[in-house]
Amino acid sequence: MPTVRYEHVYKRFSDDAPPAVADFNLEISDKEFLVLVGPSGCGKSTALRLLAGLEELTEGDVYIGDHNVSNVQSRDRDIAMVFQSYALYPHMNVFDNMAFGLTLRKIPKDEIKVRVNEAAAILGIEGLLKRKPRALSGGQRQRVALGRAIVRKPAVFLLDEPLSNLDAKLRVQTRAEIIKLHQSLGTTFIYVTHDQTEAMTMATRIVVMDVGVIQQVGAPQELYEHPRNIFVAGFIGSPAMNFFDVVVEGDGDDLRLQAAEGFALPVPQEKLAQLAPYRARKLVMGIRPESVHDGAFQPPDIRASLVEATVDVTEMMGNEVLAYMEVGEHKFLCRCDPRTAARPGQQIRVAFDIDGVHVFDADTKTAI
Amino acid sequence: MAAQRISAQHRGRLSDTLRKTFGRIPLHFVILATCLAWSIPTIALLVSSFRDPSAIAGSGWWNALLDPTQWTLTNYDNVLNARGMTDAFINSLIITIPSTLFVILIGAFAAYAFAWMKFPFRNVIFLIVVALLVVPVQMTLIPILRLYTIVTIEGSIPIIGGNVFGVGSYSGLWIAHTAYGLPFAIFLLRNFFGGLPRELFESAHLDGASDLTVFFKIVLPLSVPAIAALAIFQFLWVWQDLLVALVLLGDPDLAPMTLQINSLVSSFGSNYQVLTAAAFLSMIVPLGIFFALQRYFVEGILAGSVKG
Amino acid sequence: MIGRAWWIPWLWLAPTLALLGVFLVYPSVDTVRRSFLDERSDNFVGLDNYQFIIDNPTPLSLDTHAALLNNLLWLTMFTAVCVGLGLLMAILTARVRYEAAAKAAIFVPMAISFVAVSVIWRFMYDIQTDVGTVNAVFAELGKDPVAWLISTEAPQKAFLDVPPNDTPSPFQVNNFALIAVGVWNWTGFTLVILSAGLKSISKDLMEAARVDGAGEWQIFRRITLPLMLPTIIVVTTTLVIQTLKTFDLVWVMTGGAFKTDVVATLFFKAAFINRDFGVGAALAVVLMAFVVPIMLISIRRFQVQEEIR
């Protein structure tokens, strides 16, 4: 039985604007680490808040366990939430902050003490229990926010962009800690972020959203290798996928995806049947920068198609060189071997790994 | 060319230095002169209140500064004992303190509802409440006096005195002052409550807090500056009130200090020995509160008015 | 919050609505009603009371023209001087280290009751040069003492011996004397608020202007003043409301005598001394009419603020 279920959930904030969340259907199993990811305004926070009971559903139902909680107050939904700004009570010390929810539920004082100390130990904040939030650093406050959720022992943890307010180094560190926390607690985590890196590294399953609609649901690797539409393809993976407007040229066994004169990639054997009906139609070809190599240093075991291109700008990353290339009107990014000779203004042979090609219908934007 | 331009500016720098040394003098002069001018009336009063009645009429108060032997406490003695200022002082407290407490309590409840609860016509009603800020109290006095006359419950309340309700009662004044202070209280508190982060409330609701719990355990503790400012404003406003007491109280035994001084002024227009001491006595409490709580005063005005 | 019963907000509002309804809404409506009735509020008299105010038939007991003119004088002079002086002092005190003390000194009068203020200034204005400070100063300067609170002469006649024309005007020495007291009292308020508004202007803006070559006056006119405009409006609005309610000050110092009446004191005389509730109510309504435009401005401001939230 799924821990959380959304059924045909809609949320409209006003009648003339498009819905913030539209036809949201999702089943989340126990112990999952599910990440809702998408650009600003895509509805991911709203979807989370609908589950939390902080927003009212316009249509549809939400279930936690097998209870329909659509009209149940937040406090009775057996959930705990970590807010982006932590929302710690400024006038209470850390202990009281963490104990607040338990005190309201009339849990005996001894038990409260036990739970708070336990959670503090897990998070390494035992020494901070007497301090007030203003005497804590950002990272420490975040742990207190986590601690406040942990002591509640909820069925589901909701986290709304908890890492956004931390500096880069702390973010990476805390990411790992949250993953460990999830493993040790064994509770369902539902996590919202706009950062696809966080989604890819932390999730067991990712839900990509845009303009209130679910674009694709799947494990990180699944989304990376088989994006269902252009949006997901361009959103997941960093640096982002390269896109080209192409037309299917040729006939029979010799089909090519033609982006421009002299710039065409052959269609591999297994895809011929798929792409044949799209002859002379407009398509979008996507290929990730990691599948585009400097021809001189291409990996030995790939099926490559070579193209002449001019180097526009290069970025030295140390372990690789990001080369921004141009072929006529088309611009794309290539992740080159660090030994590459590519320099701005030069022409080099670029190898496209044909197995890394994704094709999308230009009108429906979905994958073929 | 550039060198010429810069040297021209450099020449200007010499006059700048001159201006810096001597230019500040007019500034200081103006400020200090203004402060002095502003303080003189109060000082005049204070000094005179310590002078012998004959001295006040005979020579300017500034003479007292040069001749300390003139200083005396007879005026204060007179005023406190013979003129009933002590009683009036206590009456002022009796009127002011409950009025302040009620307005905070009732106003805070309403402000919370306006700030964080959803209900139909919320904005309209709030606007009306704030619009009532501009209603002159005078305009309400005839009907209220009429109303009070009808609902007066006679009888003598122990300790504080006065009727149970209506004309000539303290309870009547408390309720009236509370009502008159509500628009400002709600305006001030609602602005402040509304500024508290939304996530704080959401977190509390998730934790299981009811509206009352949130109100008492989170909103009020975090709103101490605004509540302090409101308390100060209301206290001062009620303490200094003359008109409402004049109209609704009637009974001279219940008179607060303002009424008392007013009647002294009308009967003893130039009897400064009495007036100065009485006036200064009435000033002690407000001045004390002001100096002790200056910080909250300014913050309070800002929280209410200069927000955006 | 989901699950909150519909009647809960109303419960929280109930005491407020009850009190405001009884003490502010009902009386306002009732006063308007009474303004159309006679002295005892028994018979309907239409616009007679308002006519009375316009005609001013008994200037010796109730001088409505004087009161209206005086109110206008208060509205303009009092507000202008308080705001102007407050602005000047805000700018000046911002440049000295003892800023807080200076502001406190000017603010002190706000903490004193009007009654005490009146006593202080009756003392200051006393005609005898041995008692009244102002006249003592005049004596030192070789001028005759002036009966500040009584003199209804125009200032030019009193000080400069220039004979004025004879139209009724509020430009009387005693009015100015009273307004001066009001200014003494309220400038601290404008100072504090304008000072806060001044501080909220980012220093970067002024510095950028200086680098661009602007002089002090230009900075004031082109940057400071426009950015301070919202604050100035807030302060002015509050003062205007305050002016219209001015009662204590005038009442205690002169009792409205010697043509210093304002509408508020006149109302009191009409209603509680002459016992003419009809005229009293009409005067109160006139006061309200002055205030309605202010109300509209305030409402518009709050609507804007609410949209932001």
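Letters A, B and C mark the chains in the order given here, with residues in each chain numbered from 1 onward.
Please note the rule applied: a residue touches a chain if its C-beta (ideal position, glycine included) is under 8 Å from a C-beta of that chain, and two chains touch if they have at least 3 such contacts.
Quick caveat, the model's predicted, so the values are computed rather than measured.
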>> What pair of chains is linked by the largest number of C-beta pairs in contact?
In response: B-C
> Could you name the chain whose CA centroid falls nearest to the centroid of all protein CA atoms?
Replying inline: B
> Which one of the chains is farthest from chain B, going by Cα centres?
Replying inline: A
>> Roughly how far is chain A from chain C, centre to centre by C-alpha average, rounded to an integer in Å?
In response: 61
> How many Å are there between the centre of chain B and the centre of chain C, using C-alpha atoms for each centre?
Replying inline: 16
> Quick one: chain A and chain B, Cα centre-to-centre, how many Å?
Replying inline: 57
> Hey, what residues on chain A touch two or more of the other chains?
Replying inline: 53, 73-74
> Which chain B residues touch at least two other chains?
Replying inline: 205
>> Can you pull out the residues of chain C that are in contact with at least two other chains?
In response: 1
> How about chain C: which of its residues touch chain B in the complex?
Replying inline: 1, 4, 6, 8-10, 12-13, 15-17, 19-20, 22-28, 30-31, 34, 89, 92-93, 95-96, 102, 104-116, 118-124, 126, 128-131, 133, 136, 184, 187-189, 192-193, 196-197, 200, 230-231, 234-235, 238, 241, 244-245, 247-248, 251-252, 255, 264, 267-268, 271-272, 277, 280-281, 284-285, 287-288, 291, 294-295, 298-299, 302-303, 305-306, 308-309
>> Give the list of chain A residues in touch with chain B in this complex.
In response: 52-54, 73-75, 79-81, 83-85, 87, 89-91, 100-101, 104-105, 148, 152
> Residues of chain B touching chain C in their complex?
Replying inline: 27-28, 30-32, 34-35, 38-42, 44-45, 48, 56-62, 106-107, 109-110, 112-113, 117-119, 122-123, 125-127, 129-144, 147, 175-176, 178-180, 182-183, 186, 194, 205, 211, 236, 239-240, 242-243, 247, 257-258, 261-262, 265-266, 269-270, 272, 275-276, 278-280, 282-283, 286-287, 289-291, 294, 298, 301-302, 305-308
> Can you name the residues of chain B that touch chain A in the complex?
Replying inline: 197, 199-200, 202-209, 213, 218, 221-222
